[in-house]
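A single structure is presented below for examination.
Chain nomenclature is as follows: A, B, C and D, assigned in order of appearance, with residue numbering initiated at 1 for each chain independently.
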Amino acid sequence: MGGEFRFRDPALYERWYGERHEAAELTRRAVYGLPELYRERIASADMIGNPGCYPTGALLGLLPLVRAGLVEPRRVIVNAVSGVSGAGRTYSQRAENLFLSCYENVRAYSVGTHRHAPEIEQALADAAGIEAGEAEVVFVPHMAPMDRGILTTIYARPAEGATAERVRAALREFGETEPFVRARESVEAVRTASVRATNFADVSAALIERGSTVVIVTAIDNTVKGAGGQAVENMNVMFGLAETAGLLNPGT
Amino acid sequence: MGGEFRFRDPALYERWYGERHEAAELTRRAVYGLPELYRERIASADMIGNPGCYPTGALLGLLPLVRAGLVEPRRVIVNAVSGVSGAGRTYSQRAENLFLSCYENVRAYSVGTHRHAPEIEQALADAAGIEAGEAEVVFVPHMAPMDRGILTTIYARPAEGATAERVRAALREFGETEPFVRARESVEAVRTASVRATNFADVSAALIERGSTVVIVTAIDNTVKGAGGQAVENMNVMFGLAETAGLLNPGT
Amino acid sequence: MGGEFRFRDPALYERWYGERHEAAELTRRAVYGLPELYRERIASADMIGNPGCYPTGALLGLLPLVRAGLVEPRRVIVNAVSGVSGAGRTYSQRAENLFLSCYENVRAYSVGTHRHAPEIEQALADAAGIEAGEAEVVFVPHMAPMDRGILTTIYARPAEGATAERVRAALREFGETEPFVRARESVEAVRTASVRATNFADVSAALIERGSTVVIVTAIDNTVKGAGGQAVENMNVMFGLAETAGLLNPGT
Amino acid sequence: MGGEFRFRDPALYERWYGERHEAAELTRRAVYGLPELYRERIASADMIGNPGCYPTGALLGLLPLVRAGLVEPRRVIVNAVSGVSGAGRTYSQRAENLFLSCYENVRAYSVGTHRHAPEIEQALADAAGIEAGEAEVVFVPHMAPMDRGILTTIYARPAEGATAERVRAALREFGETEPFVRARESVEAVRTASVRATNFADVSAALIERGSTVVIVTAIDNTVKGAGGQAVENMNVMFGLAETAGLLNPGT
């Protein structure tokens, strides 16, 4: 569940997490546990690096469009708004997590320096079939006054030949194929409240003519699909169980 | 306070507001009431189009950097997160404004279709000294579970010669010159809670090497600097009063 | 689920609900669906009046102590604080249910006039073995800025012979016997967050020397144990299923 | 501002605050700073014990009715619901003050043991003209998910001769006489949101026939009238300034 086995290159871990990797020799053996991207490799793996919450939210919007060649994997902007539980291991008795610090407050944090940025880039490069290090993401997480949920708004350049129709079709197909992805009819219909206490990711996208930008919006519950729910999903895949076993009603 | 006198071109109003302009002949006479951009013209005007809340939040971050030639006025991405009162005239007894629709919920709305986008573009073109219609903004507003405040996160391309140092200096100078702008030392220090019930706009920016992007963050209270507070400020300028008269402690 | 079959006396319904009872002849046949009080009658009933949310929260604290003869069933004060969904059928597009009306706001409503007061009194009289109409409750509901959950704080006079020890013992036994009641070690440990999205009722009580008062605190999720969850529980009892069937993980 | 000079008897301080009083000889000289009760003594005092937030909310509802002989000062039940900032000096980086502990949560705390109970009793005895120690209050504070505001719901027995009419009249007169008290037309109209960021106390009361109880509801902002605002008010009285000086628009 930690960051140690999310990067194939242990140097990347050491640079972004600021500490020595205690089992660097194992990182190549571990598979990044995003079933929508690496399902087959997860099925035969004996070690999984379970994804971070923000990368899950970002990648589930980007994957279907990058794979279909509809958006560019460079200068992708990932703007995420999370509930307070999304602060990860920093969830502790710090002043910034007190009720009076969070209530009636929205703020950005770790702008351009969050360790989830290289995690997004690594999987994005795989999805796009380009070299690691060529995918390029600007990632800005924000904190909003709610307990859980992440809404991720992604701004990407359309690739040549991308049309609104083809963008919608790619997402629709992704939703039909993936057990925990629900394609919504519009970006406005993607909401953190709709995925609360579930392992679902809601996704949608719109092609904005002016500015020539694809806006992709996804919602996950960072404490389920963004954490333990996805870990259970990976276990299901590893052990040949139904992928949804135990996950269709995770409760709170 | 409405949208009628925010556009110089009444056709723009009619297109985005979907109704006939009842006093189109007056639009050229009205001045767009953003003192940080048009203070001198406001001083001699007899008619002001008071800015929308989102344009205020976006422009106060963009102006100093566009004027200093540090960011490009094209393909600017404006990602804004607002409290529920930011929904403007749609604040009414609609299902989406009920407590149970807003609580524990973040969502995007009017993606690429919000009438505040052309309002931002008009003033941005003026600030950049380019033709109306050449500035290009992708604007995505979001709703978060708080009553007021707007955090605007802007992604812009650095112009040639832009450095982190020059970006910071331009904002610092803007904060020193403008009575209601406070330049913060970091983008993480800009927070809606800090401007609640005040006419202040907090601003900061960071240059992100990877992806070559300037991230600008601003915070305003949409019901003060984004509405009536700014209207009073404009009156002060029009009547030759101290610009801050009545505004340093607006209360709730 | 409505109020029609919660009163044995249809006149009581007509008085408090302000409308004619369309099936008055059936009210004597219906059983009040609080399993903790009427489990045996529910098992043989073919018609259930499913309790209101506030009566459920109040009665689950009062029953064990009234039945054990430890508190008086007269001049009982029931102070309840509910999330916005507790407003019952008035949950609709009314101004008082808008986000901006509820946020940062606590208020009392229907003071001394809420239709749940006679519902509490009817069951309380049964539990105490006194005449209908002799139990006496002052009921004040409040609204707090959260979506669901009811915290009920009850102030009752201790009966002769009541001791802190006996009060605790009665609640402990209630918790051990009842599948959906959890006795907490202190009134401070009873919290709406602990019962969110569950069919559980958390209960505890303290005997306050000064003022000679028993303070009972209960927490339920008004949308589960206070509504549909309890209805399913009643169905389980009626059909001879395990009482907890389908209810141990109701999710959201 | 602390508790040291709120009690005339230093032994009471030592018992409830659990520490030695370092200046016990000064307590008789200090005046309890509730202007509505002790205005004249405050005017000539050189030392004020500024009231706690909960006592302010409770006493401003009880005073006018106890003084008019309309409610009994014994077995008074004070049920208060506060925002998180009401936790007083315990506002610190404790787990129970974290956002995730407060959100979607209402709970009681310090039931029957809160140090504000004897503070209420001392002033209540004065107002009723009875011996210190004869007033009798059961006090239960609660925490709700908002930042500030206290709604106090008080249950008291009507004295002989009390009528709904006389209760209303006493409160109305109190509101007309006191600069910071506003009598509301109904208990339902008293709301924490109405007093936010002000030094006002909103009050109202209803006589409930059934159960023979007077329900009094008050609302204050615990950080203004319940703290620093009232301290400024006391200074104004001590120095012969207008009592409202600097307080009519305290802002946030």
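One rule holds in what follows: a contact is a pair of C-beta atoms (placed from the backbone, for glycine too) under 8 Å apart; a residue touches a chain by one contact, two chains touch by 3 or more.
Please read all numbers here as calculations on a predicted model, not as lab measurements.
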{"item": "Greatest separation from chain C - chain, by CA centre", "value": "B"}
{"item": "C-D against B-C, pair bridged by the larger set of C-beta contacts", "value": "C-D"}
{"item": "Rounded Å distance between chain A and chain C, as computed from the means of their C-alpha atoms", "value": "43"}
{"item": "Geometric centre distance via CA averages, chain D-chain C, whole Å", "value": "30"}
{"item": "Intercentroid distance (Cα basis), chain C paired with chain B, Å", "value": "50"}
{"item": "Of all residues in chain A, the ones touching two or more other chains", "value": "101, 103-104, 145-147, 196"}
{"item": "Chain B-facing residues of chain A, complex", "value": "75-77, 79, 81, 83, 101, 103-112, 117, 136-138, 140, 142, 144-149, 151, 153, 155, 187-188, 190-193, 196, 206, 208-213, 215, 217"}
{"item": "Chain A contact footprint on chain D (complex, rising order)", "value": "84-85, 91, 93-95, 97-104, 145-147"}
